[in-house]
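First chain A sits with chain B, and in the next complex the same chain sits with chain C.
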Partner chain A sequence: MELRKISIRQAAEAVSCGDISAHQLIEETLKNCSVLNEGLNIFTHLAGIDALEQAKAVDRKIEKGERLPLAGLPVAVKDDICYGVLPTSFGSPAFKEFFSPYTATAVERLMDAGAIVIGKTNLDDMSLGSSTVTSPIGPTANPWDTERTAGSAGAAAVATGLCMLALESDSGGALRQGASHCGVIGLRPTTGRISRYGLNASSSSFGQIGITAISGENIISAMEVLSGFDSRDASTAICKEKPVGQDIVPETRELIIGYPAAAFDHLVPDLREVFEQARELYTELGFQFVDLELALLPEALQAYYVIALAESSSNHSRFDGVRFGAAEEAGDLEELYCESRGTILGREARRRSIFGTLLLSKGNYDLYYRQALKVWNLVRREFTDALTKCDLLMLPAVNKLPRLCSEEAGFPDHWSDDIFCAPVSLSGMPSLSLPAGQLGGLPVGMQLVGRPFSEEILAAACDRMVREIKLFPHGNS
Partner chain B sequence: MISMSDAQQGLDKAIRVMKIKVALSEQEELDRELSVLLKWLEPMLTVDTAGTEQVLTSHDALNVVREDHARQGDLAELQEAAPDFAGGFYLVPPIIE
Partner chain C sequence: MEFEVVIGLEVHVELQTESKLFCACPNSFVPEPNVNTCPVCLGFPGALPQLNSNAVQQALTASVALNCEIALFSYFDRKNYFYPDMPKGYQLSQYFEPIGSRGYINIEDDNGLLKKIRIGRIHMEEDAGKLVHAVSGDASMVDYNRAGVPLVEIVTEPDLSSPGESRRYLEQLKRILQYARVSDCKMEEGSLRCDANISLRPVGSEVFGSKTELKNMNSFKAVERSLEHEIKRQRDILMRGEKVLTQTLRWDEDKQETVVMRGKLEAHDYRCFTDSELAPIELTPEEVDRARAALPEMAEARAARFIDDYGLPEYDAGVLTSSRCLADYFESCLKTYNNPKVVSNWIMGEFSAQLNNAGLEADQCSFRPSDLAELLQMIDEGLISGKIAKEVLEKAFQSGKEPRVVVEEEGLLQISDQSELESIVEKVVNENADSVEKYRSGATRVIGFLVGQVMKETGGKANPGLVNELLVKKIEG
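Right, the complex of A and B next:
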């Protein structure tokens, strides 16, 4: 079964009807994983026998007449999301043997719906980044150009047809940028729409579990299972609006898209041209565009990083290195902490912890942290106001092509890569990254940003744009 | 914006507070990065936020599950639920074996 060419509904139906058993599908998938993983370095752990056992259990449920919306479908889970069956490393050597005593709600919900976890996907050290170049097992290569990074390993897994869905985290834009680099669809949902229970987020305010898939339709199939209140995560929203459902497909021709032209000035001319061409094509399809302004994008990025650094310093404080990691020989407890933390926290985690502490210290707290919280408010207002003038906002997902696997990011260039994604994270609004064009043979993605809880509209608009434009007539690599 | 000398003193303190051993070469690099960071953050400091409330969440649609009411707890019930209790301290079961 070629997972890239059929929808989740079709695949689940094929398994439910017995056209292919869940066991056969997963066996075939795992074989493909072994082959492709050697070249692309997508997985930190493959599930192997555990996935096959899960698949058998799904087949037994189907035999008993149970209807499962994701029957037997392979999913990948980023390695900062807890799954009790496989190690959860957070991208850190210190946790390479760590088995979480519990499983994230989002993973549980997928499994309850019949999905099979085939493996944990690669990530940057402590999930701090959007390139995987600081991963202890090395970067994940981009399926379109293996000299370059995939940005997100889950996106690479979806692009190569190894899974139908990838669960991934997104704080400043890792999921959306990865989807852009790999030519697939990535949704960061409305903050709180998918439970974060079991997500190891360095930034508590912005870390959100999202979905990567091959189409908007598949994203919504996953949202039907994933969204909703979770008593184990008090920050999940009880959505009082209509439930997620594929029967709610808006007439996308009528949609008005806000185009903040000045935002595109942050791009090099070649890249800007890709989005200008996309806008022309969408206009031909019947989408209407209005020009508007998002004046605070650079300052929003800076505010995001002040808050994210502060939260990193707090969240990383719990890693004392005594139980997990490098408990070194030391003269006293203080020395043991310093030695261990100096080892288990990677370069980026050390940088963020130290700078975060500095920005929270007396004298800096009001100047930087409080100011960032106020700018956050202004950014929220700016996005809310913009979405009173239009139904959706169009923004780039990336400011450059994926970096080379061998390339070390200069400071703070790798933070500037989040210029278009981090401000949306501050707004809390749903954002869907979809292919908008190509540059130098590599996919380039844009974001559609919608009002809170408007994921169905984003997905419907996305599918119309992608289907009509036929950006990748020969399929992915 | 804070002065560089204050910032560098603050950096030394932050390294101590965070209990992270940092090699001398890395500390020198952090010094350089700090000046870049403070410069990078300057535009945010110039945003006019007069009269703007600070926020702590992305939007207002999130739940408040229930109101927080102070009430008298049942000490005996709590003590019964714990494996042991002595001198005001509770023995709690291990979370991770």
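Right, the complex of A and C next:
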């Protein structure tokens, strides 16, 4: 079964009515995984016998007549999301063999719906970054051009048809930029719409779990399973207000898209042109555009980093060799901390911990952290205001083509990759990354940003844009 | 030079909730280490805190009981520091916005006058685990049973002027919190912990002298003694014309002196910032009013009621209501033995003596209120004398047996058999001719001596009223 050619609904139907058993499907998928993984370095751990056992269990449930919306479908899970059956490395060599004593809510929900976890996907050092170049096992290669990085391994897994869904984390934009680099669809949902219990977020304010798939429709199928209140994550209380699937999606024709023209000036001309062409095509499809301003993007990026760095210094404190990570031989407590943390955290994680510690220290808190909180508020207001003038906002997802695998993580140059994604994280609004066109044979993605709870609208607009333009997948040479 | 003492106290109190502050683990003492734990209180990566609403209710109750203003909107912050007893590397505490502030309680000053002690703030926070050092001395272990237990910290303004006032403040605070049923406040067991800040200044001076912080006091007595010791130490330094160093000192109970723990330069920078994994705590004015209305009867009101309803002297009422459980014990006893003054005498006398010996509170001993009532009934029924009753109480208290059982087992039943007593009376009259003569010549007081002799002969078991009667009959008859 070619996973890239059918929808989740169709695939689950095929498994449910016995066209193909979950076991067959997963067996086939795992075979493809081990072949493709050699060249692409997508997985930190591939499930083997465990996934097949689960597939058998799903087949038994189907025989008993259970209706499972994701029956037998292969999913990949980023390795900063806890899943008790496979090791969870968090992007640290010290956790290569770490088994979490519990499984994240989002993974549980997928499994309860019949999905099978086929593997854990690669990530940056402690999940800090949007390129995978700082991963302890090296970067994930882009299926479009293996010299370049995939941005996110989950997106590479979806783009190569190894899974129907990838569960990924996104704080400054890793999920959205990965989708862009691999030419697939990635959703960072409204803050709190998917439980993040079990996600080892380095930033508690911005870390979210999102979904990567090949269509907006598939994203919504996954959202119906994933979204909802979870008593273990306080931020999901907003889900009590509005469950998924209750929105009446308006005709896309009526949708007004806000276009912050000045934001696109941050781009090199040929990249900007991709988005301008996309805008023209969407206009032909009947979308209306209004020009507006998002003046705070550069400040938002800085505020994002101040808060995210501060939070990661705190969130990563637990990796001190006492409870988590191997304890290094040491004469006293101070030495134990230094030695153990030096082994558990990679260079990027150490850099961010040091920065974050500095930013929160006496004297600096008021200068940086407090100011960043103020900017955060202003950014939220700016996005909210902008979305009173339009239904959706269009923003680039990336400011450059994917980085080369051979490239060392540059500091702070790499951090500027998040210029279009991080501000949206501050806003708390849902953002869907979708292919807008191509440049030099590589996909280039844009974001559609909507008001809180507007995931269905984003997905519907996305499918119309992608389908009608026939930009994707892998067509348009 | 005359100095004025300035003291402020910081008290940590464990709340009596069923479960911990951020997870469902039981909040109870168990001897086996690390059994009351889960991914949340062990700080596993990805596990998120869930606020215990009952703990918030208790903190609110404590705040209104201490006459505080209530923050309708408050939240938790992170206090970051490395120590093995903190599994997350930070403590969740209300640093920026405490639930209660600007409260007070009244105490007696050293001259017996009413004095208002201002409470600056009361905030919630989580407890840490406990370090256990191996007997061999070459290993330290951590027990996380206590990690995440809910605490409130209650901080006074520097309003206390002597060690005696400080002790009375603690006693009053304990009484209020026990009455409000938010904590058992047992300092010896660690459910109430106290640190003290103390400085001296010349009488009349407006500015504070440099202060020291005292830690590690394990009883109210230790607080009082350590403060006395520190006043003397600081006064000696100042009298020599030297300066008191700002330091943290530890009270050494064995040596009865303060020892330097750390200097000012080693003071922590906790890098506090607001946690974003927990939702803010929002209270309504109605909830605050309800908490205020639901406050149980406090010590002063109860004492007044004991005077009015039971006709007890002021002294008795004060002693009985000094702790909630003692007052409860008293009232419970009255249910089956309705003679308040007699019950009061026994509780303040023999019963309290036994409690003090055993180091227990009234609700911790196996000698229940119904046992005391039974004992007193046996006296009234003439089954035992008051003197024997004291012996029975002691034995029943220590063995856990019912008084009636003790009386039977020990053969302590009072001799009320007239014929048995008559022979002993005759013997005593014969052996004490002198006394009998005195009596006959009008010195009737001597009857007491003769009764005593009979009691002696019977091992205290004779019914004294009956003995008296028989003696008079014998001598006069």
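Just a few scattered comments:
The rule is simple: the second predicted complex is superposed on the first by the 456 of 477 C-alpha atoms of A that agree within 3 Å, B and C clash if a C-alpha of one lies under 4 Å from a C-alpha of the other, contacts with A are read in each partner's own complex, and residues count from 1 in each chain.
Quick note on the criterion: a contact is a pair of C-beta atoms (placed from the backbone, for glycine too) under 8 Å apart; a residue touches a chain by one contact, two chains touch by 3 or more.
Note that the coordinates shown come from a computational prediction; the quantities given were computed from them, not determined experimentally.
Clashing of chain B with chain C is the outcome of superposition onto chain A. Of the two partner chains, chain B is the only one touched by A:S425; chain C is not. In the overlay built on the shared chain, the residue A:Y197 is in contact with chain C alone; chain B does not reach it. Between chain B and chain C, the partner in contact with more residues of chain A is B. Within the superposed three-chain model, A:L296 lies in touch with chain B and out of touch with chain C [touch as defined at top]. In the superposed model, A:R318 makes contact with chain C only, not with chain B. Contacts of A:Y365 after superposition: chain C is touched, whereas chain B is not reached. When the two structures are aligned on the shared chain, A:A237 is found in touch with chain B and with chain C. In the superposition on chain A, contact is made by A:S353 with chain B only, not with chain C. Once chain A of one complex is fitted onto chain A of the other, the partner contacts of A:P452 are limited to chain B, with no touch recorded for chain C.
Of the two partner chains placed by the overlay, chain B and chain C both lie in contact with A:S205. The clashing stretch of chain C relative to chain B, chosen from 23-31, 167-175, 221-229 or 383-391, is 23-31 in the chain A superposition. Where the contact sets of chain A with chain B and with chain C meet, they give residues 101, 205, 234-235, 237, 313, 316-317, 337, 357, 361.
By the touch rule above, chain C contacts chain A in their complex via residues 39, 42-51, 78, 80, 82, 84, 87-90, 142, 269, 271-273, 275-279.
The residues of chain A lying in touch with chain C in their complex are 80-82, 88, 90, 100-102, 104, 196-201, 204-205, 231-235, 237, 310-311, 313-314, 316-318, 320, 322-324, 333, 337, 357, 360-362, 365, 369. Residues 101, 190-192, 205-206, 229, 234-239, 296, 298-299, 302-303, 305-306, 313, 316-317, 334, 337-339, 341-343, 345, 347, 350-351, 353-355, 357-358, 361, 363-364, 367-368, 370-378, 380, 411-412, 425-429, 452-453 of chain A are the ones touching chain B in the complex. The part of chain B that touches chain A in the complex is made up of residues 1-2, 6-7, 10-11, 13-15, 17-22, 26, 30, 33-34, 36-37, 40-41, 43-45, 47, 49, 52-59, 61-63, 65, 95-96.
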